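There are structures below to look over.
Note that chain A is present in both complexes that follow, paired respectively with chain B and with chain C.
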Partner chain A sequence: MITALGRSAKLKASSLLYGMGFFYNVLKETARFFRRSQVGYKVLIMQILFTGYEALAINAVMAIAIGAAINVIGSSLLPQFGQSQLMYTILIIVITRELGPLLTAFVITARSGTAIATELGTMVVNHEIEAYLSVGLNPISYLVVPRFIGVVVSMLVLTVYFNIFGLLGSFIVVQVIKPTPILEYLTSLLSALSVGDVVSGLVKALVFGIVVSVVSTYQGFSVNRASTEIPVAGIRAVGLSFILIIVADIIVTLMQYA
Partner chain B sequence: MPESTIDVPAVELRDVVASSGGYEILSAASVAFPAGLFSVVMGAAGSGKSTLLKVAAGLVVADSGATFYQGRDMAHFSHKEELAFRAASGFVFQDAALWANTSILNNVAMPLRVHKPWMGESDVAESVRLLLKQLGYDESMGMRPAELSSGEQKLVSIARAVIHEPAVAFMDDPTSNLDEDAAEKVFELLARLKSRRCTVIVVANNSELAYRFADRLGVIKAGKMAAFGPYDETVGSAEAALMTSLARLRARGSRKKTAQDEAGSEMSQRGDV
Partner chain C sequence: MKFKIKFADQIVGLFILVAVVFFAVIVVLIGANQRWFAKDYRFVTSFQSATGVAPGTPILMKGFTIGKIDELKLNADNAVDAKFHIYDTYYDKAKEYSILELTISPIGLGSQLLFHPGKGEAALSEGDFIPTADSLEGKTIIEQELVEIPPKDDTITRLLANVNPLLENVNKTVITINRTLTEVNRALAGQSTGPLGNIVNDASAAAAALPGTMGNVDAIVADVQVRVAGLLDQVSSLLVEFEAISGNLVATTDSIRDPTGLVPKLLDAGGSIKTFLNDGNALYTKVMSIIGEVEKSVKSLQGIVTGLNGEMPKIAAVLNETRTAIQQAQDVLEGVRNNPLIRGGVTERVEQQSLYRAMREGSFE
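Moving on to the complex of A and B:
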């Protein structure tokens, strides 16, 4: 029993060290990416199209729905405590600081995280990664870095997009409950918005983007030989990304409020 | 038989141990492939041929032992040396290993784009077209690998490995999945590589390929090099007698032709016998 526990701990520790080494290599190759004239730009553009552009619709629908829900709940609860004026502050804090980056990260994990892990896993099984090595292309710089940059850029853009649509969704509900001129709505909203809210949301988006891309590519490369390992890699990419995103969210929030 | 003028082997494995999935595949395998010669390693399925080739090409990291390219330990290659080695080598995978998400043109052109970036796209496309034509590939270059037969995929894989005219070509069973006509086209390509003194390292079970081209012949058994040396020596060795494909080569006799043999061969070609 103790031996088994020890072996498991040793395996976990070596896996963690390997993961850290992988992350270091990704950062190192990312720094070199823009200095090299190479064929990786096409992969980067494709990744931004898939992760960012193609997720705009689902992100917009989710943001409008969440913005509307917050407004409905807030306008029914806050007056009971005589705090109706807090509506805009709550809206900004919940959408910009918390739900914008968090839900966007979940959408990207579900769409792109699984796609990246399974695509790379399939390439490993089909020896395509070895083929890249054989022609002198570093799989980290050619396959991982474009996905890393693509996911991080998409994450940042989609978070801003979520914030705009979240606040727009709220405005639509405001028109139903208590019709307000758009100028008054925007003025109240902007007066409740601080630079800290925007920075906080973007910092979280950046961290979550790094988490999703590194975890997904790492899980894709963890496939060894069998095609049955590919869906397992996808499931692990999603599960581990969700856990690390929540942990990172708590840490960043604590750093801002502590 | 041409002999290498360079003393340092092109590629050398020393006491290489390699494993996969907990199983030891290579057990202290040592072999030195001479520069400028055509080496063929034969062995039964599961004997470690493909792993030996991948370790030699630096695609699989060995558990222990060392691999040398022109006398330099590949484990200590700098980034620049690694790139120079890749520019000077090409690898044919047993199962083609083409990049599924891109066209045949992009698959074959990749080594040129990486190692000869000064070439224009039209020159690259023309080089690819000519080489594929030589190999008998007559489908569109815009097709994806999944749209081709396994034989055609193999031809494309061979083209990708030699398009940049490497000094060392590693080939894992280059004639597998090919019909006789396609195999003959590959033999023509191998003959050209041999004539320009390219170091060719092939692992295969095709005795015809070994008979036609091998300057050096090796036998791998249970992850160890049981024999490696000049063709006639290896074919005549006791180890060779245990393998059907090598026994077949032994039955064909020595390739050192006498004047009488040559005359006989010419007569038979003319139909005189």
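Moving on to the complex of A and C:
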């Protein structure tokens, strides 16, 4: 048992070191990416298209629904305590600081994380990676970096859209239930909103984007030779991404409020 | 080829560009709303405590936010130095004698930092000190009515505004009493060097000197007793003389009280007055006869007057007839005088009403 435990710990440590080395290589190749004129740019565009643009609809629906829920609950509950003005603060905290980046990360993980892991896993099984290597192409710079940048950019952009739909789109929904002058709403909202709130959300989006992309690509490359490993890699990518996203969220939040 | 794939570059570019534009607009709106591009005028003040204030606390004037607290610092004198700013749109409110007032809700509804503009003409310069309402300078400004302080918005705050000075006075009184008691205790313990201590020390010295003083008093009293003894003898002789005088007075009083004394002798039946009046009622009879005569005269006079009253209508009628006759005679004479044959006829006479008219002759108008 002790031997098994030791072997497992050794394997985990080895895997962690490998993952850190992988992450280091991704960062190194990312720094070089924009200085090179290569086909990776087209991969990046396609990645943003699939990860960002195609997720915009579900992201917007989620943002509007959550913003409207907070508006309705806040406008009916908070006046009972004489704290109506806190509705905007709560809306900003929930939409901009917390749920915006978190839900966007979950959506991207569920949609693109699994897609990246299975795609790369399939390429490994089909020996495409070996082909890239045989012709002198670095699979990290050509396959991982565009996905890494694409996911991070999509994450940032989708977070901005989530904020817009969550803060402004929900206003339209609220008008059906409780009409409020747009000027009053915007003034109150902008009085409560600070650049710190926006930056905080974007920092989380950046971190979550890095986590999702690195974990997904890593899990995709972790497939060895059997096609049955591909869905397992996808599941691992999603599970590990969720865990790391929540851990990263706690760490970033603690750093912001410390 | 699918539309999305064909125009992927444009779609992604638009997707990112719109997000960037929205982000930039939001940042600009936040900046405009939070006055990043507006000038603020900075001032300083001092609080006794930082309770209820913090960096970012809004400064309100009639419900409008006209500025905010920037920085708080505890200074060497244990007061809280504060830096704050007033928005340029409200800078004209910062006049001379302006003050700040920190009101804290007693029921936990937060605090408010209020700005009261001064009534002075001169505008405050940037960096000037604006006192708080509870500071000595602020109280002086309020007492001299150099600042506009509107009535408080809510009843509780108004009550507190009245209660707080009372509580402060009570606290001061309690502190003063405590200090006094402490001083008294220290003085009684002989540890005080103040006025009370001196008094207590003097009292102690006086008490120590009291036995010696009492000895002196005893000696003086003995001397006085010797001297007073001679005076008492003289007083005794005087008392004997007074006793004799009193005896004489008693005798005099008895003689007055005696029923056979002087006054009764003057007033009794055999006295001088009685003798004067005792003339066999001659004086009385004479007086009564005079009164009887007077009574008869009055009765005669009364009869004459009554007769006259009865004859008055006849006299009046005679007088009237006489007057009529005289008038007719006058008319005849005048007619004769005015006769055209003689002299121009008789002039028409104006009827003269009688001056005397009985009640029945009057008309009831």
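By our rule, the second predicted complex is superposed on the first by the 253 of 258 C-alpha atoms of A that agree within 3 Å, B and C clash if a C-alpha of one lies under 4 Å from a C-alpha of the other, contacts with A are read in each partner's own complex, and residues count from 1 in each chain.
Rule of thumb we're sticking to: a residue touches a chain if its C-beta (ideal position, glycine included) is under 8 Å from a C-beta of that chain, and two chains touch if they have at least 3 such contacts.
Remember, predicted model here, so these are calculated numbers, not experimental data.
When the two structures are aligned on the shared chain, A:V153 is found in touch with chain C, with no touch to chain B.
Residue contacts after overlaying the shared chain place A:A248 against neither chain B nor chain C. In the superposition on chain A, A:A131 makes contact with chain B only, while chain C stays out of contact range.
Between chain B and chain C, it is C that contacts the larger number of residues in chain A. Once the two complexes are laid over each other on the shared chain, residue contacts for A:R225 go to chain B alone; chain C is not touched. After overlaying the two complexes on the shared chain, residue contacts for A:V203 are found with neither chain B nor chain C. When both complexes are overlaid on chain A, the residue A:A110 reaches neither chain B nor chain C. Touch criterion not met for A:I140: it reaches neither chain B nor chain C.
Chain contact summary for the complex, chain B toward chain A: residues 20-21, 54, 57-59, 82-83, 86-87, 89-91, 93, 95, 97-100, 110-111, 113-115, 117, 160-161. Looking at the complex, you find that chain A touches chain B at residues 37, 39, 122-123, 126-128, 130-137, 224-225.
Those residues of chain C that touch chain A in the complex are listed here as 4-5, 8-9, 11-12, 15-16, 19-20, 22-23, 26-27, 29-31, 33-34.
Contact residues of chain A toward chain C in the complex are 45-46, 48-49, 52-53, 56, 153, 156-157, 160-161, 163-164, 186-187, 190-191, 193-195, 198.
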